[in-house]
Every structure is written in C-alpha cells, then in structure tokens.
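Before I ask anything, here is the structure I am working with.
Letters A, B, C and D mark the chains in the order given here, with residues in each chain numbered from 1 onward.
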Amino acid sequence: QSKIKVAAVYTVPVEQQWVSRIHKALNEAKARGEIDYVFSESVSNADYERVLRQYAEQGSGLIVGESFAVEGAARKVARDYPKTAFLMGSSGKPQAPNFSVFDNYIQEPSYLTGMIAGGMTKTNHIGMVGGYAIPEVNRLMHAFMEGAREVNPRVRFTVSFIGSWFDPPKAKEAAFAMVDKGADILYAERFGVSDAARERGKLAIGNVINTQPQYPATVVASALWNMEPTIAAALAKVKAGQFRNEDYGQYSLMKYKGAELAPLGTFEGKVPADLMTKVRAREKAILDGKFAVKVVETEPKSTP
Amino acid sequence: MSELSPPVLRLSHISKRFGALLANDDISLTLQRGEVLALLGENGAGKSTLVNILFGHYTADAGSVEVDGVALPPGNPRAALAAGVGMVHQHFTLADNLSVLDNIVIGTAPLWHLRQRRRAALARIHDLAGRFGLAVDPHARVGALSVGERQRVEIIKALYRGARVLILDEPTAVLTPQEVESLFGTLRQLIAEGLAVIFISHKLDEVLRVSHRVAVLRGGRLVATLPAAATSKPELAELMVGRRVEMPARTGTTATGQVVAALDRASVAATAGRGGLHEISLDLHAGEIVGIAGVSGNGQVALAEVMSGLAAPSAGRVTLHGAALPAQPRRWIGAGVARIPEDRHAEGAVGDLAVWENAIAEQLGNPAFVRAGVIRRAPARHFAHDLVRRFDVRGGGIDTPTRTLSGGNMQKLILGRALSVTGADACARPRLVVASQPTWGLDIGAVAYVHRQLLEAAAAGAAVLLISEDLDELMALSDRIAVMHAGRLTPARATASWTLGTLGLAMAGAGTDEGEVSHAA
Amino acid sequence: MELLDIVSGAPFWIAVLRVATPLIFGTLGVLLCERAGVLNLGIEGIMVAGAFSGWLAVYQGVPLWGGVAVAAGVGLCLGLLHGWLTVSLALSQHVAGLGVTMLATSVSYYAYRLGFAQVATPPTITPFAPMTGWQGVPVIGPVMAAETALTLLALLAAPLLAWLLYRTPLGLAVRMVGENPAAAEGQGIRVNAVRIGAIMAGSALMAVGGAFLTLSAFNAFFFNMINGRGWICVALVVFASWRPGRALLGALLFAAFDALQLRLQQGGASLPGLPALPYQVYLMLPYILSIVALILVARRAAYPQALMKPYRKGER
Amino acid sequence: MRLEARTAVSRTALVGAPLAAIAVTLLICAALVAAAGAPVGRAYLLLLEGGFGSRFAWSETLTRATPLILTGLAVAVAFRTRLFNIGAEGQLYLGALAAVAVGGQVDGAAAPWAASLPTGVLFGAMVAAGMLAGALLLLLPAVLKLRLGVDEVVTTLLLNFIVLLGVSAMLDGPMKDPLAMGWPQSVGLVPELELARLMERSRVHAGLLMALALAALVWAINRFTVFGLQMRAAGANARAAAFAGMPVGRVTLLAAALSGALAGLAGVVEVAGRTGYLTLDMSPGYGYTGVVIAMLAGLHPLGVVASAVFVAGILVGADGMSRAVGVPNTIADVIVAVALLSMLVATMLTRYRIRFDRAGRVA
C-alpha cells in the first residue's frame, strides 16, 4: 500500500529535547517503511504559516508540528486544508474537522523521578533549571516537586529560568549556583545542567530525553516522553481515513507508554531499595488509574 | 649653492588627473641643497597635489620623482621618508590623543620590535629642539597644544627622521606673526645645515623674504620659475592669477553712524580649548569696520561666538540696536547679522549638502524659500544661482556637494550667504557683519575679493567686526582697531594711531591692564 | 545579609571568572579592532564560528589546543574578510559587521547541519579540565583550580594586550591608525596593513572566546549558543574607554552581575528586602547596569578619533 | 591596492553592479548547495519560483517585506542623521506591546474604555500607541547621546535585550492571555482592528500599503521639506548646521522619534496584520535585517522598498528551495548574507575603481 506523506514543521532545531522526541518517532516510522517523512526545523514564527501551507499544498497526508506561538496561523491553515490531517503540539483544544493536538503530558514519570530525587537527596535541597516558565515546563516541574515532597517533606527547591532554550553554558552556571547553595540533585530541564552535576559530583534527573548514556554516573533517572504511541495512533487514523479533531494528549500518558520512567541503568541498585519499592508502587497505582498526578501550570517558585 | 652640483630632488613631467580635472600638467622642477623653493599659485592651482605626489600620498598618472638621482616608487610615503623627504601637511597630520613623543617616533622603529627606545628618542628630540629653536614638551598630549606648537611638532617629526628635503605646505596660514618669525628662524637654521626646502604660501611678502627661487603654478601648469631676488609682489600676483590684482583699501574715513551693536562689560567663561572674555566693552557703529587684533587663543573665538549668537555672555550685556538677543543663531541672522566663521569646513558649511542647500541654510524660516515646512525649490535654487554668480563661486554648479569646493570658493559661498540674508524683519542688507579670520588660507585674488565685499558692506551702512590675526589686513581695512589679550580688549582707536610696533606690543599684553580697559567704551 | 554571603564565597568568584572568560576574549578583540579605528559588529558571528570550528576540530580528533588554534584561524579569516570590506574597500563598518555576523553564523549552522543531520542529542567532546594544580596556591588557588587554562589565558591576554598597545612600536602603530590614519601614513605606516592586521588579531580573540563555550564551558555546539554575548562585548569596550585593563574589569563586573543575578533569582522569595520579581527582571539586570555604567563613563570616554571613519588613500 | 573615485558612473554599471552581485552570490552559494549534494540548477530555479514565481510566492514575499520596509525606513532615517539605531528590534517589540495594550481584548471583547469608541478611532489609537512606544524607546538613547555623549550603537543594542525581557515579563504577567493555557502570549487584538487582507487566501495585508505610503512620505520629507534638509545637515555636520541656525538638538530628537515610530509601527503591523497577538518569537530579527536593508538601499527611502522586497524574496524563496532539494534551511540566511556583502562591494565599485599601484604592493 502507499506510504503516508508526513511533514513536520519545527520551530527549533531537531536537537532540542522536545522536538527530538517527535523527530525520533517519525524517523522510526519512516525506517519501518510506513511513511515518507520530510521536515523543516528552526522555522521562524513569521514563516510558520507559509511552510504549513506549502506542505499542505504538496499533498502531505499528515502534518505534525508545534503550534504554541503560532496557534492562530496553524488553525487557519488547517481550516483551509480540511483534507489534510494536522497533529499539533498545542495547549489549546482540537479544532474541527482536522486539527488535533498533543502535548508532553509526562507529569507522571516526572512525579516518579521526583520521588527518587526526594529520597536520594542528602542535603534535602534540589535545584531546578528551566529555559522559560511555560506550561510544558512548569507542569513537569510541579509534578516533580510533588513527587519529591511525597517521600521527603523537608525537601527544599531552588528554581531558576535562564531565558533561553539554547544556552548550555548559562544553564550550567545556574546549576553550579544551585550546587553552591547546597543542592545535591539537579532537575535537568536544559542541556548543561547534568554537565554541572557531573563536574561537581552531584546527581541529576533527566527530563523528556534520556541522557544517562552521556552521564552514566550522574543521571539517576529520567522521565521519558515517547511520541511513538501518539504518532502510531494518528497514523492509524489517517490510514483508516478517520482522522478527526481529537486530543491526543492521553497518548503521552504512561498508560499508553507515551511516558515512562527510564530504566535505572547504571543506577540500578544504587537507589535505596525501599525507595524504589515506593516508586514502583506509585508507578503501578498510576498505571492502574488509582493515582492521578496533579497538573499545575503556574510558574514554579523556589521554596522560601 | 653651486649650479653645477646635482639636484637633491628632481620632479620630471608630473601629471595628475582627478576625474575631468588636470590638477598637475607636466610639471618638472629641481631643488638644490640649501635652497628654499617657494611654490605659488591660486587656490586649487595644484600645489598640494604636487607635493603630495612627491611625498607619495598621491600617485601620479605620469612622471617621476628622483631624490639624489634615485627614482622613488610612486605612491609610497615610506620610500619617500626613507629617501629623506619630510613633509608638513597643509592640514596638520597629528594624532590629538597621543603624546608629542608618540607622534614623532611612530614609524621609526620596525613594527615587530618589542621595545620602544623612548629614552634615546627623548634625547634626540631634545637635541633637535635646541639646535633649531623648536621648543615643545615631548610628553604633552598633542590635543592640548597651540597651533604654533603643533607646527613645531610637525617639523621635528620630519627632522627626527633626518629629512634632507623638507616640504612645508602653507605652514604660515594659521600662525601668528611671532610664530612666523620663529619658523623663519628655524628655516634659516635648516638651510644652513644643507636641507632643501619647498615652501608653499599665499603670503607674497613671506615668499620673497625666505625663498631663493619661486615657482608659480596656474591651473595645474608650471607657468614660471624665477629667482626671488629678481621679482616683485605685483609680478608674482599677476603670474598666479593671470591678470593684475588690485588690493582694495579703505577710502578715507567713513562718517560713522549710530551704534549698531554694543558690548558692555561682557564676560564669557573660558572652556577647554577656548579662552574666555573678561568685561569687554565695545561699540560698533553703522558704516565702520572695527578690527580686532590679537594672538589666537586670547578670546577671539569667544568674542566671535557671542557676536554670532552662538553663546551668551555670562555677565554684562550685548545689545543689537539697544536690545539683547538670546543666544540663538536664528535670531541673530533674522536681526540682520551676517556671520563669517573662522573654520569654514567645521562651521561654515555642511560639506555633504549641495551648494544650493548651503546657500539657503540660514534662511529656512524665510517665507520666500519655505512655505509650511516645505522648501520652495524654484526660488531657492534661483537664489543660489544668483549668489554663485554674484559672488563668483567657482567649481561645479549649485548641485555639487559643497565639500568639493576649494577653500577660497567655499569662503565666497559663505560670504555670499551671510551677506545676502534678507532678514525677516525686512532689513534688506546686513546691519552687522562679524567676520572671523575671513581670509585664512585664501589666495591673493580671493583675499582681494573678500576685502572688497567687507568694504562694500560697510559702505552700505553695516557695522563690520573684523577679527583677524593678519595685521596688514587689519591696517588696510579697519577704521578703528582694538587689541585682545588674555580675554581683555584695549579701547578701539583709530587705525592711524596704531603702528605695527604698537599693535605688536599690545598683542603681547602691554596696555591692556585693568585700568585702561575699565573706562574703554 | 545574603548578598554578602554570596559575594564572599569562592564559588561565586569561580562562576564570575567562568562567565567572564568569553567576554574577556571578545572585549579585548573588539578593543583591538576599535583601537585601529574599525568597529567590528561581526563579533557575534565570529564567536559562533569560533565555537563551531573549535568544537568540530576537537570532535574530529584534533587535540584541545589544536581546536583553539583552529578557532583562532577561523577568526583570522573572518577578520580578514571584515578588514577587506571595511579597510580595503572602505565600506560601512556597521553593515559589513552585521553582514559578517550573518555570514559566519549562517555558514556555521549550515556546516553543522550538513555534518550532523540526524542527531537526537548533540555530539560531545571531552572539554578542557580544570587546572587542579593550583589548589595549593594561597588566596586565588581555590578559585583558579576550578578554572581551565583558557580562563588563565584570558586573564593574561589583558595585560599582554596592554603591553602590546602601550609599550611596543606595533601597538603605537595600531593606536595611531585609529587616531589619525593620515598622520600614520605620513610617518610611513602602512595604514591598511596595520588595520587589517589588528582586525584579524582581534577577530581571532573573539573566535577563541566563542571556542571557550564549546571547549571549556560546555562540550557540544548548539544553535544560538552565543546568545548575544558578542554584543555585550561591544558595550563593554565603550565602558572600558578602550583600555585593556578596564576591559578586563568591565568583563568581570558584567560577569559578576550575571552570576549574582542567577543567585538572586534563585533566592526567590527568601531574599529579604526584595519582592518576588519576575525572573526576567533579574535577567535584565546586567544589561541595565551596563547602560548605567555607560552613562557614568560617557563623559570621560576617549573615542579613538578615527573610529568608524574609513580611510581612503589620496582622498580628502 | 587603492580606491579611486570615478568621475562618471555609467548607467550600465548602475544596472550591472547589482546583477553582478547576484551572480556572484549565486556562484558562492552554489558551492554550498552542491556540498549538500543537491542539484544546483534546480535549486536556484526553485528559489526564484518560491520567491517570485507565483501569486502565492509574491504574497509571501510581500508579507515578509512589509515589516522589513518599516524597519528599513526606521534605520535609514536614523542613519541619515548619523544616529546609529541598531535598536529597531526592541522598538518593534515595544510597538507591538503597546498596540496590544490598546487594542487587546479584555474578556473576549474590546477593553471597557475602548468599547464605545468607533473602530476607526480605536485603530488610530492603537497605531499611535505603537508608534509612540517605539519613538520613546529611541528617544532615550538619542537624549543620552545628545546630553551626555553616550554611544547610541551600544545603548540601542542593549535596549533590545532589555525590551525583549520586559516583553517576556509582560507576557508572563499582566498581559498574558488567560485563555492561552499558560503559554506566554498576549491577549488577541479585537478582531475589528486586524488589518484587511489584500489578496484572497494569502497573508498580504493592508500593512503593506501603510509601509509603502510611509516610504513615499519619508522620501518626500527628505526631498522637499526643511526638516529633511535639517536632518541631513545635522547628520553630516552638526556644528555647521547649528551655526547656520538650525535647531540641531531638536532635529536629532525628531528624527529619532520618527525612526523609533517607524520601527514601532512595524510591530503594530505584524500584530494587526499577521499574528493577531504578540509572542516572544514574533520577529525573526526584523530590526537587524532593517539595517541591512537600509544600507542596501543607500539609505534611500524608495530604495528601501526595493531592497526589502529583494531580501524578503530571497528569504522566502530559499526557505522553500531548501525544503524541496533537501539542504539545511539556514541556506536562506547564507544567501542573504552573501548577497548583502557582494551587493555592498558591487555598489562601491560603481563609485570607485580599484587601482593596483605600479609598486604593486598591497597596502
């Protein structure tokens, strides 16, 4: 049968953690021979609408992207091409007939990594470095903090934002400053943070991607985002001619394997067993639908 | 000086073209050891071009330069320096923010050396200063030096490198008479030691005094080379200009009219780089020319600023027809004050604007040229055409950028603009003319022209304030002369009562003590 | 008070030096160019190119110092380009500079993408290690031991440049062509050669500053990672009144504000006397203070007189 | 090597120079395209087509050119007066912020104070607010330059960072759209304030007409008015201008205000014509590109229009081309950068000739 033509439009380079997950899932689908995949990265806000239109004009069956700052434009294009499926990273609602949304709803594993961090910190102080305080970042940070508090009520958090997605040296500086203040586990939302942790012999918690291969002695656990379920679901709908306006957010949940606590890997056995028992129990509760991680999207603040 | 000895310098068949203009046309010259050759010519005759070619700043289109029989590579000042050619440019080429020492030693050591031999350099400068009477503090910042001192630095620069041919392009244009004397002393010293000198000047007296031979350029061509001893001022003037030059002079005393402008114990605080005024009083009457003599830096700039509406006196009063005006040039222009600034490039005109735009620059409030903020191009350009014609501004038309005019022509433009303002309050002619150093750097023909204009303005009833360092000019034009020294002014006395001697004494500070100034009026 | 605690600790000064290092290189580079009379707005791009080429070289197996040399070499080439445009051809220095920035940035990104088309995580290298040997040295030891050799190089570059400018014939020539090129020419200095040389050397310094980010501060290359640091250097040179010593001081001051800003931001609500400001306000702090500093020094600033004035031989 | 001014510039040179520059650009970039393994000829055909080859291409090019014309004009006006405004980017964002503050929705409708106003008046207020914001932002460096001698290149550059962070704080705080799900973006403009489309199914909006009108206006100011003359005079020689009685300080400030207002308007037009609301990544460096455009145009207002369309066309065309032939899309920036530099060199060579002296030494 004929392959589905998929086009992706990213506003940042494909190394950026968030986008790298979508890119990976689509590349895998391409490798499996399911799709023809083309993409544009670092597409500026001003160009986004045009690029969408051009892909739509070229007969793409499915267009994937992140429409956060270009919501209006993306929805307009979708309206103009009702035959094309649009699957957009978005904080908004789906739009009839063909505009579906998804988001990195990985607060569940974030919560679990928070538990691990809360249990592993000796100084009861965790540092968190973010790029910008946007919902995609905030809700994971909140879930992480909640998880840490569950196992360790005395834990303190230091939060800071560096005002850039792409400044690892600066993220590193922010992380160093946290270590200097006594943090011994760092929540690595940006590149650079794990690096700082490694240099100072501290631990780090990964986010969205698994950086343990690069930092085997540093990254304890990571909350992974897997875009594969989302992409698979969307492709299935497209193939069946049933793609509609839906919220694919759920496919980023652990239940659908859209998110997971990365294997402990090098830290297998180094995390206290009783702590891991608690974590596994929580994980099961989540999977069983007995525990829901709260979604809070306000800007997280350092604990006083 | 033997006619048979080979020349130190030989210029053969030099030609240089700037676009359509042939600035140097097949010029050949020689220079002997111990000789001073004067180079004469109108503004734009090609003097600076020729010496710039000789020094390697410009590249000639044709011809060659030989020093001691060896041809210099074209367009290479390093080679010229190495061959012993030193040049003092028409406009000083010194870095203001660096010390005198730095300005002198730059380029004398290979660039990759790790050390500067400052001690040895200081000793050498000291030695040169003593030998040639060129006193200057090697550690001073050049920006803080007077014009005369800078001139000395320029000459030391050349001598420091052991120059055997020294080129001086209009070295006296901005020097005071005393500084000129000391420069000539140095020159005599130099030729005694065997240097050869090329000397450019517009002042024929000077030329006849210091030079052995005179070469005259006209329109880029060498029109004559004569021994200085066998020629005269009128002959040289005629050779330069191509016709006889009449220097206008005051025709007896004019009956002076009412007071047009008055300074009453006006003071201005000194600022960095310009002296102040100290309780100056002076009346300017309609129809008279009042000359202000003085060594530069004694407050002339401040006086010109106050009388041009650029600065307000900090104490005392300045009145025009009995009323004080705010220090806004626009108001002064409107009140019929024609102003000719000292520095025509920096203040007189905006070089990047077209001639016609500069011509109306002082009249942007005049309804004849501007309506509702929009320039009425037709009348404005007509006015400029007329001005260019009446004041004989040569060099391109009214659309050429003003910067390409020669100094003399730019001066005529400025003069014409100032004198043709038809003030808002219906004064068809200027009531007061404030002219600062109006003939600096101009050739003799242009000087005659400017003088005639000033005399005509006075004859037409304007009061003229002539600030000048050229005593001959002052004596020739002024009805009364006052002398400035250290921000104070002597009473203005009839020109006839001054001699060059008494003027010089007053300029040196004698006779401007407190008592005399206080009851001057 | 917390501020005092922050500033009195060695970790703070370690951070300051680290943040300052690329700024010191960049500022000295701009300073050298401007002393020779040429504004170099190419800095932002030259730093990108330095960061990329240095990193790429090391990634390809060249030793770390080789990477630094490669970055410097790329800086020299871009400096030559800027020099050719602004000096030989006397083009507008603003625009040529912005053009060089655009070119160097876009070509670096292009090359990176060609070489690393399908990367999930950015490829890394092993960066410079801290100079732990300094540990025993009193007072500065604990701080220096946490820095890499590039930081030491930056700290040494300032006095070296000062010595060069004020004590050697070459330095005098550089200052002279920046003050009055006609005068320099009249003294036999080859103005264009000196200017282009200064721009090349200055650009090499900038590129090394960029390389510090990929070879020492971090271990990978990112799009946008220079993040405006180059522009800061342009400001710092004015603040420094074109003096190498003050440039060093200025870079350290800016870095101190930046390091402090991170720490104050992290203090959150806990910092007494300061309300919980949006984090952007803290990020603004170094820029605002730069402008304030510029206002304070403006009166004394002694511009190289020929800065931004192209010199065309034989033209007045 | 030295430069020698040409006396007469031939018409062929004037036309030929830009063409030669484009040829050189294409040649240089061909190497890069080939390095990526893409077919060069086809790539360039696609570029041309993508930038100028269809109605859609033109509509996109003109959409992209609209803010560039305005920032280009802003820079041209300031540079003419020798006020080196590198801060158009910041002025653009502040202008956009002001526009949203005035014309933004409150609870899904116009703000209470604005609800009763006729749309035309509200539109005027929005435009005025944006222009005023841009003007005020540039007045600060202009005043600092005039009064204290603070270098404006540096202050305008630094202000870009400050404004962007300030806008970020506003979009995270008081001006955040409560309906944007926490994403930092401003509330949307009242729909009636959005600019009309000029072509169906395209993004070209009435902002283009505003930009063109302003280019004509600035040209007229430069050429016909006293203010234009005064701006040039104050820029070329402030001392001489002051001596001739021109109010140099006031002229400089007015020019700064005009420049800032134009850049501010670019922000207004982007919000009202393209996005409908303000985000932090709205401008892909329009302010900096404005410098490029103004200089390509030789600071001539009408030239600004031409060079803005040219640059926009390359950006749009090269972006599409990169996708079609599979080269990294930064090729667009490479082409613009190379085009800029070769265009500068080419136009210079129309005015000067390069002479190699007989000595042969390259100095």
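Throughout what follows, a contact is a pair of C-beta atoms (placed from the backbone, for glycine too) under 8 Å apart; a residue touches a chain by one contact, two chains touch by 3 or more.
Composition by chain, UniProt nomenclature: B = Nucleoside ABC transporter ATP-binding protein; C = Simple sugar transport system permease protein; D = Nucleoside ABC transporter membrane protein.
A quick note: this is a predicted structure, and the numbers were derived from the prediction, not measured.
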| item | value |
| --- | --- |
| A-D compared against A-C, more contacting pairs | A-C |
| Where chain A and chain C are represented by their mean Cα positions, the distance between them in whole Å | 35 |
| Between chain B and chain C, centroid-to-centroid distance (C-alpha), Å | 46 |
| Whole-Å gap separating chain A and chain B, where each centre is the average of the chain's CA atoms | 76 |
| Touching two or more other chains - residues of chain C | 190, 280, 283, 313-314 |
| Overlap residues in chain A, where contacts from two or more other chains coincide | 42, 133, 163 |
| Chain D: positions in contact with at least two other chains | 2, 5, 165, 168, 172, 330 |
| Every chain pair meeting the contact rule | A-C, A-D, B-C, B-D, C-D |
| List of chain C residues in touch with chain A within their complex | 9, 11-12, 14-15, 18-19, 118-122, 124, 213, 217-220, 222-225, 227, 258-259, 262-263, 265-270, 276, 279-280, 283 |
| Touching residues (chain side chain D, partner chain C) in the complex | 1-5, 32, 35-36, 84, 86, 144, 148-151, 153-155, 157-159, 161-162, 165-166, 168-169, 172-173, 288, 291-292, 295, 328, 330-331, 333-334, 336-338, 340-341, 344-345, 348, 352, 363 |
| Parts of chain A lying in touch with chain C, wherever the complex brings them together | 13-15, 20, 23-24, 27, 42, 127, 133, 158-170, 172-174, 176-178, 180-181, 191-192, 195, 209, 211, 214, 301-304 |
| Complex contact set, residues of chain D against chain B | 2, 5-8, 224-227, 229-230, 232-233, 236-237, 239-247, 355, 357-359, 361 |
| Chain D partner contacts - residues on chain B that touch it in the complex | 19-20, 59, 73-76, 308, 310, 328-330, 332-333, 339, 341, 346-353, 357-358, 361-362, 364-365, 370, 373-375, 377 |
